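Some structures are shown below for you to check.
Each of the next two complexes has subunit A plus one other chain: subunit B in the first, subunit C in the second.
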Partner chain A sequence: MRRGRFTGYWLMLPAGLWLALFFVIPFYSLLATSLFDPEGSVLTGYSVDYRFANFVDALQQFWEPLVRSLWYAAVATAICLVLGYVLAYAIAFKAGRWRTLLLVLVIAPFFTSFLVRTLSWKLILADDGFVVDTLQFLQLLGDDGRLLATPVAVIAGLVYNFLPFMVLPLYASLEKIDGRLIEAAGDLYASPTRGFLKVTLPLSKPGVVAGTLLTFIPAAGDYINAALLGSPNQRMVGNVIQNLFTSTGDYAAAGALSVILMVIIVALVMLYIRTAGTEELV
Partner chain B sequence: MSGLQRAGRWIGEHLVLAAGLLVLVYMFVPIAVVMLMSFNDNSESRNVYAFRDFTWSNWANPCRPDGMCEAVVRSIEIGLLATLVATLLGSLAAFALVRHDFIGRSVANTVIFLPMASPEIVMGSSLLALFVAGGFGGRLGFVTIFIAHVMFCLSFVIVTVKARLSGLDQNLEQAAMDLYASEWTTFWRVTFPLVFPGVAAAALLSFSLSFDDFIITNLNAGQSVTFPMFVWGVAQRGIPMQVNVVGTVMFLISLFLVVGNMLVTRKKVAA
Partner chain C sequence: MVSARLSRRAALRGGAGLLVGGASLGVLPLFGTPDRKQDPASCRTRDLSASDRRLVVSNWPGYIDEDDGDYVATLTEFQERTGIQVSYTADVNDNLEFFAKVVNQLGSCQSSKRDLFMLTDWMAARMIQVGWIQPLDTAKVPNLHANLIDSLQGVGWDPERTYSAPWQSGLTGIAYNRSKVGEVRSFEELLSRDDLRGRISLLTEMRDTMGLIMLAQGADPADFDQDDWDNAIDRLRKARNDGQIRAFTGNDYIQDLSAGNILACEAWSGDVAAAENEDLVFVSPEEGQMIWSDNMLIPNLASHQGNAEEWINYYYEPEVAAKLAAYVWYICPVKGAQEAMEKVDPSLVENQLIFPSAESLKTMHSFMALEEFQIRAYEGDFADVIGG
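Moving on, here comes the complex of A and B:
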């Protein structure tokens, strides 16, 4: 095909500009905001005075929700990995001609509003609801025990909301595995368990890495589950940032906390990718 | 093989499938609850978290809660506009990335990946910081929401269209050109119809991302209220059951569109 030398640039330009203006440059604005003098306000204007103490203040004041976010996200990601692996494995190897239908069902929860779905968990886990009653009957929960406003409810919500992000990449990498390799393991007298551990699991590693990242990152920044299913005791860092921006109007602290969250996540992701030793993410 | 081993294998085969289906059930319980609650008559009670009586009235008067339908309409407007722009710009970019070589291509690929891997709260607050720094802090609203939505939809559009485009057999276009079709004709008669399912899927994805977004929108919306923001607002006071009607309708429409897109694509492949 004949092509102009610059066609590629022209085609890329509009989307590239949009992302540069509204995705890349905003990070600089955020960084600038995090160095504001906290005495300013939206009305009087802020001055950037390279106040690095904002970071120290933010960490001192909000280390608890920050650590809690990372902890909840890690637990939710681990549970998602187990549930997601089972589901992805079943779809890839056991579903036969129902594969496509099951895949549609995996993304179907996205079809209705995230908030509406999370609110319906509030109903499912309600104090006089079916789940709490059953757990109380089985003596797994005290008579005045509850699920709402506990870490259990928040983590259950996170698991539920981000599970499809785990299942899809896992399925994509499981589906690519050559079935003959697993058969070969069996022919060489490996038990199914051993075959799974030595063949299937290592071959699905890119899916595991992509899935855990796509689950952990949004979960760590989420505040909807903590706000709707938890209490102030389950406050996550997202709740704090959004409050500082919209209610308190403390832009300097909110900016500093956002930068800290981003830096921690980028560091964890890089460490994780290096440890897992995979580069075929992008 | 001993009987015990065989029994173990049988359980293994079916256990995985059964467990997988259980996980799917877990994913669908909340949707079933949303559908059920759309028929709940809670006009008598303040406890919105229990099913009281069956009624059609939520479906008959979906717009009764103050401001809800306005919020839905605003979300649809923003969703359509953002989808149109993001799908157009994103598809062009996907062509550039798959079909053309240019300096900065790998940088572009990385920048496109990043919005999908950044926490929404960070993207939302960055954008707010930009708008405030640019003097738009008092004028947040429809336009700023639109800008934000196009931004986060772009990556998903580019990735979706790219996947379709890179799986496309270039020999077909070569053949059209060999038969003296102009570049323009080749594009519209061969390339575009082949890429279209990818573009359609990208548009569907964009619209549902935009319609459903809360975290980024809430930070950049000013006084405008989208449907998720409406739900957030009433969640503290007690949710009108009509919210579940909107949830159910959304679910059914998207299911219909996605299954439709899939069937059409499959038919084309078979033909």
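Moving on, here comes the complex of A and C:
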């Protein structure tokens, strides 16, 4: 008994150290950055001034890209949920011996880098590319219409890049469902639709919650899709933060905006988990 | 009993929370950033050039000639002649971006792992001012002092060219794709023509973009006041809000122009020639164009300073400069290169993009030098429009 008393702590040590080094310290650094005296500069140095007004300034100046990011991320998550659920359902229940292959295909995009994949969308959606030409031929897009540099392209990019994060948890929870429960529903005269709504859907809820979180959180902070597929009118908050850090060198505003984004996301996630319930997340 | 224990627990928890919160606020000042000024005299390292024949160079994309079939590039020739192995990387895409890349090292007297990089006048001035740049040994760069063209001598931020050597000068104007759109003659057209809506890009380089807008509005970028600036920023914001502008870019606009995603854009003179696409045309806008130079700089703690100076001296030989200019199509900063061009490519001797005459020089404007507080305000205004 006594021998194992500290085992738990020892086991936690590596991950604990890792988190301390790469999460806690950067987190404090970010917090400090958000309270910098904005009179400083990259060259003369910034001092921590506990200037809480930075948050007000940042919100006033950048509420638009902030709201846009949350909106784009929400739309992308909703589309991912619909597409991902159908796909995960098909893989879990209908794919038979193709299941493994299909799962590998879902993960396959990860074999190339995020950046390269997004850049290739730029080629596919190009103004003179075949997609735009086809849509114009079908009169779905005006003659001077385009896809790149529109919200459609940015949201499509987000959906594409984060879809696997939706499919995998959904698949994991769908696959765990005991088929006999669905059979039992049928034996009790539930129509297939009713059986799905009363049995399958509730049992897959942990997957839905995990999938939406894993999609929404990174999508709200993403800046690659907006930078490559959007125009300045589609800038997301990630682009603004990146610009403030690298181009303007306004660390105080960049830090404040990052903290605001973090707080909003944590608050939304807490609210979501409270209402959705996650007793057995995953 | 139970409630007493609960409230005690709550009190303990609250106390611990306050303690952690207070301690957290207390440690935050540790994360301030230091003053980035350095002294180049103390941030030196032993020069390994004699024993270690290597050189690490960072430059802008498409800014040097390359071996091609029988053509031997100037860089290859340099390596053969001197035995110096050059590791050449095109990783400068934007002055500010590059500044952000090296600020943590150079700002705290650590090596940037580079021996030479090329930055535009205003950024070069800034880096020299904060002491990040090593002075050049005059004895080792005789060609620079003998052959630098007159118009680039005696600049305010480095009057004796003690720290910097111009690599190329260039023009900022307009480029368009003639297979897709009619001629674009002025910057105002670029910002307002309906057939270009959503199909143009501008540069993230504040001085280039704002300079051209000011010229389009009849202001002088070399000497403007707050009103001129405000008008120009409003013009840019309007173009952005109208959806006229597809993107703000660094050196990467040329792919989008070739691909036809953008039809016309603000562009640097040499890029259009380097793209080797005959549909792309560079235009000097009717309102005038911006001129600038990129300068070779040796950063603090560069361990191959001598090799870097050999490089500078080599590129100031008129024959080498002519060969380079014939390839990159930027304004050549080297005296005698125009004569040497006769042998390289006679058709380029009178090329105004490479060897501008006194008359063409009159249409070229530079951006006025800014104080640090102005840089902050102007860069802030500009970033607001392009990024917000």
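Methods note: the second predicted complex is superposed on the first by the 267 of 282 C-alpha atoms of A that agree within 3 Å, B and C clash if a C-alpha of one lies under 4 Å from a C-alpha of the other, contacts with A are read in each partner's own complex, and residues count from 1 in each chain.
In the analysis below, a residue touches a chain if its C-beta (ideal position, glycine included) is under 8 Å from a C-beta of that chain, and two chains touch if they have at least 3 such contacts.
Here the structure is a predicted model, which is why all the values come from computation and not from measurement.
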Of the partners subunit B and subunit C, which touch A:264 in the superposed model: first, second, both, neither?
neither
So in the superposed three-chain picture, is A:235 touching just subunit B, just subunit C, both, or none of them (first/second/both/neither)?
second
Output check: A:106 vs subunit B and subunit C. Expected answer is one of first, second, both, neither. What do you get? first
Exercise. Report for A:64: first if it touches subunit B alone, second if subunit C alone, otherwise both or neither.
Key: second
Of the partners subunit B and subunit C, which touch A:177 in the superposed model: first, second, both, neither? neither
Which partner does A:221 reach: the first (subunit B), the second (subunit C), both, or neither? first
Can A:246 be said to touch subunit B (first), subunit C (second), both, or neither? both
In this superposition, the partner of subunit A with more touched residues, subunit B or subunit C, is B
In the overlaid three-chain picture, which partner chain does A:33 touch, first (subunit B) or second (subunit C), both, or neither?
both
Just to be sure I read the superposition right, which of the two partners does A:146 touch: subunit B = first, subunit C = second, or both, or neither?
second
In subunit A, both subunit B and subunit C touch residues 29, 32-33, 42, 122-123, 126, 128, 245-246, 251
So, in the complex, the side of subunit A touching subunit C is made of residues 28-29, 31-33, 35-36, 40-48, 50, 61-62, 64-65, 122-123, 126-128, 146, 148-149, 231-233, 235, 239-240, 243-251
Within their complex, subunit C touches subunit A through residues 24-25, 27-37, 94, 96-97, 99-100, 103, 107, 126, 130, 198-199, 204, 240-241, 243, 245-248, 259-261, 372, 376, 379-380, 383-384, 386-388
Listed in rising order, the residues of subunit A that touch subunit B in the complex are 1-3, 7-12, 14-16, 18-20, 22-27, 29-30, 32-33, 42, 83-84, 86-87, 89-91, 93-95, 100, 102, 104-124, 126, 128-129, 160, 163-164, 192, 213-214, 217-218, 220-224, 228, 237-238, 241-242, 245-246, 251, 254-255, 258, 261-262, 265, 269, 281-282
Subunit A partner, complex, touching residues on subunit B are 9, 12-13, 16-17, 19-21, 23-24, 26-31, 33-34, 37, 49-50, 89-90, 92-93, 95-97, 99-102, 105, 108-123, 125-130, 132-133, 137-138, 147-148, 150-151, 154-155, 158, 173-174, 177, 183, 186, 208, 211-212, 214-215, 218-219, 227-228, 231-232, 235, 239, 243-244, 246-248, 250-251, 254-255, 258-259, 262
